[in-house]
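Every chain is named by a letter (A, B, C and D) in the order it is written, and numbering of its residues begins at 1.
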């Protein structure tokens, strides 16, 4: 470690301590400042592009730096962006709209904290919407932390809309069955009996003494299923195990990585609707008119995408330049 | 005999499980479940092999080779700490009233999970944001027609799925809006390509499975 | 300082420690990584112990009402797995391997065949005549794309002539698919970092409202 | 056909027509009546559904019953019937519970929540908002378990055809018939890649994905390892194989050990060639990354099921200048492998790899069998598309039937 690096580390620590103890909270940039910052960012990228064209290539840490800036700055900026609704999110929403009040919806939470940034906004919006619509929610998870994520989503929903907390009763309006290990085999066995897989809920209440689960034996008593999935087991397993075998009706919210793989199922009608990643979350928030995290994050997301695209172009400029040289 | 018995096991088990799919009658309908449970139990045994291996390597480094001492001792210590809380909370939970699980809120194990494990793994995961950007910068080149198609599809999807796409083309007629193009790419070429891959994988899987069941493929038993 | 605040600070330190790798490999990152490797190995050991060994074996076979015998299969095979620790009888560990591999082959064959082959073929049977030009074009693309994609995967015919041309079209569709996957992956990874930044600037520092 | 039988059939037709006529006139009558009723009171109780039948659903585990009923005469699309509620009771108990509600116009329901070998009676009531007609009851029904699921007959046949062609070509090749298999660049490159490691005196890194042995991709990766390990044992190249699953560790050790035994030098084998790191994805990747940077492998193989780590692995491998050969059936990870690796096996090619590398006729025969499967899929798509297009455009009777048949053939009913 040289002296410059030591100073840099000290400065960074000082910055975070100042931010923790001294900064006014929350920090917000005015619109003018936001626009100036955006223009500055664009200009530096342009300079890098020109430099590359001249033959001076940047190292990858510069890319890291720009991605970091593009992700962080919009948190503090004041502007709104239009969110277009894609047909598959609209379809998911429409299917939910069609359900009459009191319909039983199985909500399968198959993700963990590392993938929560993408899926939690959808989950919160879904909970808010479902509770306001009076849908009955049965929560379960094939990932150990899924049910905890569901609990957090419900807590957030209650914090944002306080009147829900009085209206919604555990056991009557929703139940959390908890986690069960066994991946796709849990899905298959639930086709015969939910109770066999979840003898009690997460609080050790016996299955039969939970009001919402009265007359719920298996998928045939479920009106709809919504799956939040970050990998395996997830939407693919639900489609193979529950939709194809037991004709369950289902929509899914997926991390963006998973989403492209789900499109063939969507086109084949095995899935009704699909929300992919942060964009899907933002669209769903717009449809349900509960603006929250995803609507804020989508701004950073846009900036980051723009930066990545610019770097792809810069990379290709360097590539073509190098190729012409060789010739 | 050392090779024949495992091959016989593979053959019998493979065939029985395959045909169980068509037979809803007990006990065949339970076979998938039995396999899954057995696999879980075997995995629970096997992980001891793995964990012991990891700890052995770390201890050898600390005491014999004297290299990476700090690094290896952190591995051993953090391993022992979470294993201790895992067993302690788990056993405590069994005898408590009401019964609780080792991963319930308020246990030491859960605290370690929430603040140590999950923040470390989430950040590791999040580093990919930077790596994906640098990979885009360094690897995604329009080398030939195929690579160009990949790039164009990728860029259109990236633009179309976030609001900037609409900011750029929102004033144009529907057919020229990037978000519509992105939707089209996702729903048409992507579906077609994924489908070809899926059908291919399914067939490859059938053929590989058959080779395994028939005993043609036995590298896992040490080749021929 | 209560445990939660301490936990948030600790998490923030670990988060910054891992991020510091972006500058270059350093001691701070190495220690975070070591803790991570140790913690995660222990985490899975514990999870497997309670979720699999305890609830799928012990509590099943000792059930006072309806004790099961099938978990013993897994137990015996699992125990055979541990024979690897002893040189002489280590070859017995091939039995559980043979069981796992045979069963995997048998169980997943039909699973995948139904969802990934049969139903996808059925879903590709689309009319080219739909009454609207855009619908017809879309369906035609799906059909041609799937068809040519399959041609690309043919092993027993050289990619030459018309066949080669079709395989080429297949590759284009595969590349468009990969492009779409790539775009979505970028989106996904950015979101993950947003989650960590939200933790740092929101939950920890409280700078975001 | 027997003449009397046909006559009887005709007689049925006449009966049916008379019956339908009666029903429709009844509906008209009922309609006028209800309009009058609606004027006086807002409560309207629809007429009960006619004739309810309940039958055991065939070829299942005795877990479902199919109920059919004739629509309530009031259910004419005018909205006077808002749905049907299905009730069920165990026979001789008269304790009806509501099973489900279906939309108007629907006259069938499959109750999948019954117990095997318990006798049930079903009742269907027509609904109008909160009001319901009296129930029409069915005869008792006993859900039963069948031995074979004949609904899967189409799957069985298609599966048999494909499995059969795989086995046929294996047998065919065994008899010594020559089979042509096109060159797969990624697999041709494996020998070259191993050779490079020998020349440079650097190790080979082999990653079989991060899934466990219960994923066929991992098995495919291990079978390729079997081929690679033979060469490795012959030339005594250092192989380094960090793994994320304990069972994979065991299997991989077994595989490499046998390769060394086969090469006649069991003493050169060491368990340290295969190391378990951790089941945790990123803990594992971080460690593998470290290994790559420190040991600078000449060649990296990534063959198996990969997730997010593919990007990091491929990038790091690229930066240490290794030749990289990747193969996976995870579509989301393929773009990164395609972009950053020298050769990539896409989906099915991964499964074909070990057969291809073995160069044994019987293994290659199975690839030919796979091709037959693809050909069948393509033929089915072509035939189906033609029939559905003609059916849509011109109608007729044959093509709609063919279209229906093709869809049926490739659909699974449960």
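The definition used in the following text is that a contact is a pair of C-beta atoms (placed from the backbone, for glycine too) under 8 Å apart; a residue touches a chain by one contact, two chains touch by 3 or more.
This structure is a prediction, so every number in the text was calculated from the model and none was measured.
Under the contact definition stated at the top, the chains bordering both chain A and chain D are B, C. By number of C-beta pairs in contact, chains B-C lead all other pairings.
Averaged C-alpha coordinates put the centre of chain A at 17 Å from the centre of chain C. Inter-chain centre distance (chain B to chain D, centres taken as mean C-alpha positions): 19 Å.
Chain B and chain C have CA centres that are 3 Å apart.
In chain C, the positions touching at least two other chains are 12, 22, 36-37, 40-41, 43-44, 47, 51-52, 56, 81, 84, 94, 97, 100-101, 103-105, 108, 110, 112-115, 117, 119-124, 142-143, 146, 150, 153, 174, 177-182, 184-187, 189-190, 192-193, 195-196.
Within chain A, contacts with two or more other chains are made by residues 64, 67, 71, 114-116, 144, 181, 244, 257, 260-261, 264, 267, 276-277, 279, 301, 304-305, 308. Each of the following residues of chain B touches two or more other chains: 21, 32, 37, 39-40, 42-43, 46-51, 54, 103, 114, 118, 120-122, 124-126, 128-134, 136, 138, 140, 147, 150-151, 154-155, 158, 161-162, 186-187, 190-191, 193-195, 197-201, 203, 205-206, 208-210, 212, 220-221.
With chains as nodes and touching pairs as edges, the resulting graph is complete, every pair of chains being joined.
On chain C, the positions that touch chain D within their shared complex are 25, 33, 36-37, 40-41, 43-44, 81, 84, 93-94, 97, 100-101, 103-105, 108, 110, 113-114, 117-119, 121-122, 124-130, 143, 146-147, 150-151, 153-159, 174, 177-179, 181-182, 184-185, 189.
Only residues 60, 63-64, 66-68, 71, 81-84, 86-88, 112-116, 144-145, 148, 181-183, 185, 188-189, 203-204, 260-261, 263-264, 266-267, 276-277, 279, 298-299, 301-302, 304-309, 311-312, 314-316, 319-320 of chain A touch chain B when the two sit together in their complex. Contact residues on chain D toward chain C in their complex (touch as defined above): 155, 158-159, 179-182, 184, 213-216, 219, 247, 250-251, 254, 277-280, 282-283, 286-287, 290, 293, 308, 311, 331-332, 334-336, 338, 346-349, 352, 356, 367-368, 370-371, 373-374, 377-378, 380-382, 384-385, 388-389, 391-393, 403, 406-407, 409-412. Chain B meets chain C in the complex at residues 2, 5-7, 9-18, 20-21, 30, 32, 34-35, 37-51, 54, 70-72, 74-83, 86-87, 90, 101-103, 109, 111-133, 136, 140, 145-147, 149-158, 161-162, 182, 184-203, 205-206, 208-210, 212-213, 220-221. Interface of chain D with chain B (complex): residues 59-61, 145-149, 152, 155-156, 159, 162-163, 166-167, 170, 212, 214, 216, 219-220, 222-227, 229-230, 245-247, 249-251, 254-255, 257-259, 261-262, 275-283, 285-286, 308, 311-312, 314-315, 318, 329, 331, 335-336, 338-340, 346-352, 354-355, 362-363, 366-367, 369-370, 373-374, 377.
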